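Next up: some structures, all given as structure tokens.
You will see subunit A twice below: alongside subunit B first, and alongside subunit C after that.
So, the complex of A and B:
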């Protein structure tokens, strides 16, 4: 069917004004103000006065910031790697199940994913505590002499971040994995490949882009964790997110908090961009 | 690998995810003010305490008000945006969609600090409506994604048919597109509602010292020691999330909503 005049559309053009106004006013403007605060002059003990100086950015060169950055990146990288390694087979297996099984598993994953970090932190510190935790179980079956606490520690923090990141990793992988044609794997099996060989030789290479993308997204996701480092880790395990809030609220140093925030945003944006590039080359799915 | 082994792997990981929640459920049933697992002298008294103690009731009400209003705002922003992007495409649509997806893709502390400085500058810092607006904008992503999915699944021929029969724009929107989109709007609202209920850092940085939400209250209470009431709140939150997503799973198509294209119906 051809139209001589431009066909009437279902929605008028001005409909975009309202979301544009809201997102501009409440997302772009705050970001702009944050940029300007990051170069403002800090007034000791008070807030800040308008100005233009790089002082807050120059603090990035201090050992303090270097350590914070190394801790944040290291912990998140480890958590993201563990999450993706566990989540990938999980997702592949899940995608081969019936719809009702998939729906039920997705309900559990979404429920866990939506849980507040404070609840996850509380639950895990209870699970790892001395009075109510797995220490009791280990003691009861004779693995250790007396129940002990496993938190706060790096192990507890990593467990928490994996708890947070695992459902997210599955959901990120779910769409590309479920688009994988099951006949490709069947073909490999018919040609005599073992299940493991079909998995590592066919499924993994086909999903390379999706895996890279998921790894980066989980990394950014765990990088944003704010309460877990405080609830499950020691002060040495505080991440960039914790320090940003700490500087903004308790040290009353908004310019430095804003500068760290801008830095974190640039890192995250670059990574998310990389992830969407990686997700694009999805192979012959 | 056999189906049994695959199922076993899935079940083991799900059990690990559920383990902390099971312990917390047990802890919430303690009679005394202590965290014991297995619980001692079973009692439901802490469940009653949550709904009678003003100290917990106020944050609960704050959380519910913020979540219901913020989710409505998120839908109100996302729906016209999704419609516009679906109908027009082009640079403006792509920029706006990117803007709608951005807050959620970035570490939330960035948005939180942005909102905090913004409300300090324009006034509103420490007010409940500032938290509502901040949450609403932050959570636009969720209804935006679900409504866009719904529009993608909409058959344009239906709209064409309605138009040929003489329906004007508003009538098409009201009688064809609206009802088709309703399930996606509802699930978008539900996603945003649950996430707002659980959100900590934005609520904390925008109005944490004056408008206590439930997650903020829990974190503050943790500093003074653990009580079974924390278990109660965790159980209720987990149950609420399971109920909401369970309903979406029951009445909607959760695998499709999560992006699956081929799922066996059995």
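So, the complex of A and C:
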């Protein structure tokens, strides 16, 4: 069987050129354009002209946009944390069920991915509204005095983002969790660990890599969301992505929009780097 | 099964058809007129262009423009290559002024346009040297709207937006340049929009406007979001389009549009001609034709826009006129503010109003 390990008989190496070419064409080139636009000269009352200046970056470095950046990161980190905390026990539970149940649950979760942000946003804003929302139900059963609205609010926004992020978290966690050897947990129980102790002391550390992966995926995914903050949040919850949209589409200020995007990406990359360092398995490969 | 020969025949015929418009263009037969794609373009195709062609013999090629400033950018780049994607275009005011500053619009010969005398001054656009380059095309009002179930009595003034009892009940547009709230605030509390001509004045108006922030539940970018909330009473008061609100009310929805005593905001689109156009004569005939009171009345009836000419020149009935307009003096958007200081205004707006 050793001949299979030889590189010539595996997939030909030039095939790597294809993804490399596509990556260059559809990622690096647009990114390069964005970088060049971010330093272009903004013509007030006009568009922009080629140039090299830091004006757009300098405009970003104000307390106002610092706060917006902090809000964006805070909301995405919170959404990622909530998704992972919900998705992990869910996935562990799911993996213990029969094959056919697992398939059905996964199909339902995947179908959530086909819903657009617009539909999710409008549905939630109706569900949390005063006139037609769950407030009426709470009032009917006597929990509150009169129906009230729960949107726009941070709660509504995080609910929307978690609705979007949850299926991704489950999909990332599902494969490693379903490969987890049940005997490891049994061994822990035999040695006297409680169920909770076995879960937190054995299962969670073993899945550290997968948990980090799910966290990063949901974080990055929700960081780009610009519709839900508008639909479900108050102005104080408008993320940097909302401001980028405003600048690019409504103010025709592409240099500033590009500069903000570059900034957001750098900060996101730094956080992702930190998270993957923290999530790296110590000792085990 | 389509055999290969039939397929080839069909594609070559298709290719010939695709090539035909460029032949027409070369012979200068069709005047290309750009309006916002979608509702406006469909309405103009259906109600306006066929009769124009019948009356003047000038064919029209209808072009759908993107909204926002993308079309201005396209026209500007094409003009540099001496091309005109459209001869005549309908432009929003900010884009029109930007084009004026860039000298993008062709100068028009007033002596060949007999109907322009009926247009009010703010719908006749001139370069600094006084040369005409465009006219008002269509206009529409942004008014004070309320849910009739929540508010049995219609409010009479924009001041209603500031009242403490409206806490968390308003829906307003989210940008300085599309909400016109600076103009509304200046007219309501500072005696007119003149105060917006200085930076200090703008900040003073913003400070007054910031007082209503606790009342705003929704700063909307998407019209559908607010209209639905207004109809259900979820967000029972705000600013919205007079014509669309009237249409919803006529369909039995519990909404009303009010022209406040300070006036409603009159927003508009204007006709301009690209300087690269080779059909200036036909373009002038078109713009002149569109200024006629009878054509403006037809637009009011079929498209829902307010006439750009005084009401007494049209044959609109009271009901037809009230559906699209009002005799009250309008609040006119200060478009130059968003051209000259757009970045500063939008930054301060984000910090002080929606921040």
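Following the convention adopted for this analysis, the second predicted complex is superposed on the first by the 239 of 285 C-alpha atoms of A that agree within 3 Å, B and C clash if a C-alpha of one lies under 4 Å from a C-alpha of the other, contacts with A are read in each partner's own complex, and residues count from 1 in each chain.
As a convention for this text, a residue touches a chain if its C-beta (ideal position, glycine included) is under 8 Å from a C-beta of that chain, and two chains touch if they have at least 3 such contacts.
Predicted model only: the values in this text are computed from it and were never measured.
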Inset, instruction - In the overlay, answer first, second, both or neither for which of subunit B and subunit C A:50 touches. - result: neither
Inset, instruction - Return first, second, both or neither, reflecting whether A:42 touches subunit B, subunit C, both chains, or no partner chain. - result: second
Inset, instruction - Identify the partner contact of A:235: answer first if only subunit B is touched, second if only subunit C is, both if each is, neither if none is. - result: second
Inset, instruction - Return first, second, both or neither, reflecting whether A:149 touches subunit B, subunit C, both chains, or no partner chain. - result: second
Inset, instruction - In the overlay, answer first, second, both or neither for which of subunit B and subunit C A:192 touches. - result: neither
Inset, instruction - In the three-chain superposition, say which chain, subunit B or subunit C, touches more residues of subunit A. - result: B
Inset, instruction - Check the residue A:64 against both partner chains and state whether it touches subunit B (first), subunit C (second), both, or neither. - result: second
Legend entry - Partner chain(s) touched by A:224 [first = subunit B, second = subunit C, both, neither]: first
Inset, instruction - Could you look at A:250 and tell me whether it touches subunit B, subunit C, both or neither (first, second, both, neither)? - result: second
Inset, instruction - Considering only the touch criterion stated at the top, classify A:131 as touching first (subunit B), second (subunit C), both, or neither. - result: both
Legend entry - Overlap of the subunit B and subunit C footprints on subunit A, listed as residue numbers: 122, 129, 131-132, 231, 249
Legend entry - subunit A-facing residues of subunit C, complex: 68-69, 73, 76, 97-98, 101-102, 174-175, 177-178, 217-219, 221-222, 225, 229, 232-234, 339-343, 346-347, 350-351, 354-355
Legend entry - subunit A to subunit B touching residues, read off their complex: 8-13, 15-16, 18-20, 22-24, 26-31, 33-34, 37, 86, 89-90, 93-100, 102-112, 114-124, 126-127, 129, 131-133, 136, 163, 166-167, 171, 174-175, 178-179, 195, 220, 223-224, 226-227, 231, 240-241, 244-245, 248-249, 254, 257-258, 261, 264-265, 268-269, 272
Legend entry - Residues of subunit A touching subunit C in the complex: 42, 44-47, 59, 64, 122, 125, 129-132, 149, 152, 230-231, 235-236, 238, 243, 246-247, 249-253, 256
Legend entry - subunit A-facing residues of subunit B, complex: 1, 3, 6-7, 9-10, 13-14, 17-21, 23-24, 26-27, 34-37, 76-78, 80-81, 83-84, 87-88, 92-93, 96, 99-100, 102-103, 105-118, 121, 133-134, 137, 140, 159, 163, 169, 172-173, 177, 191, 194-195, 197-201, 204-205, 214-215, 218-219, 222, 226, 230-231, 233-234, 237-238, 241-242, 245-246, 249, 254-255, 258-266
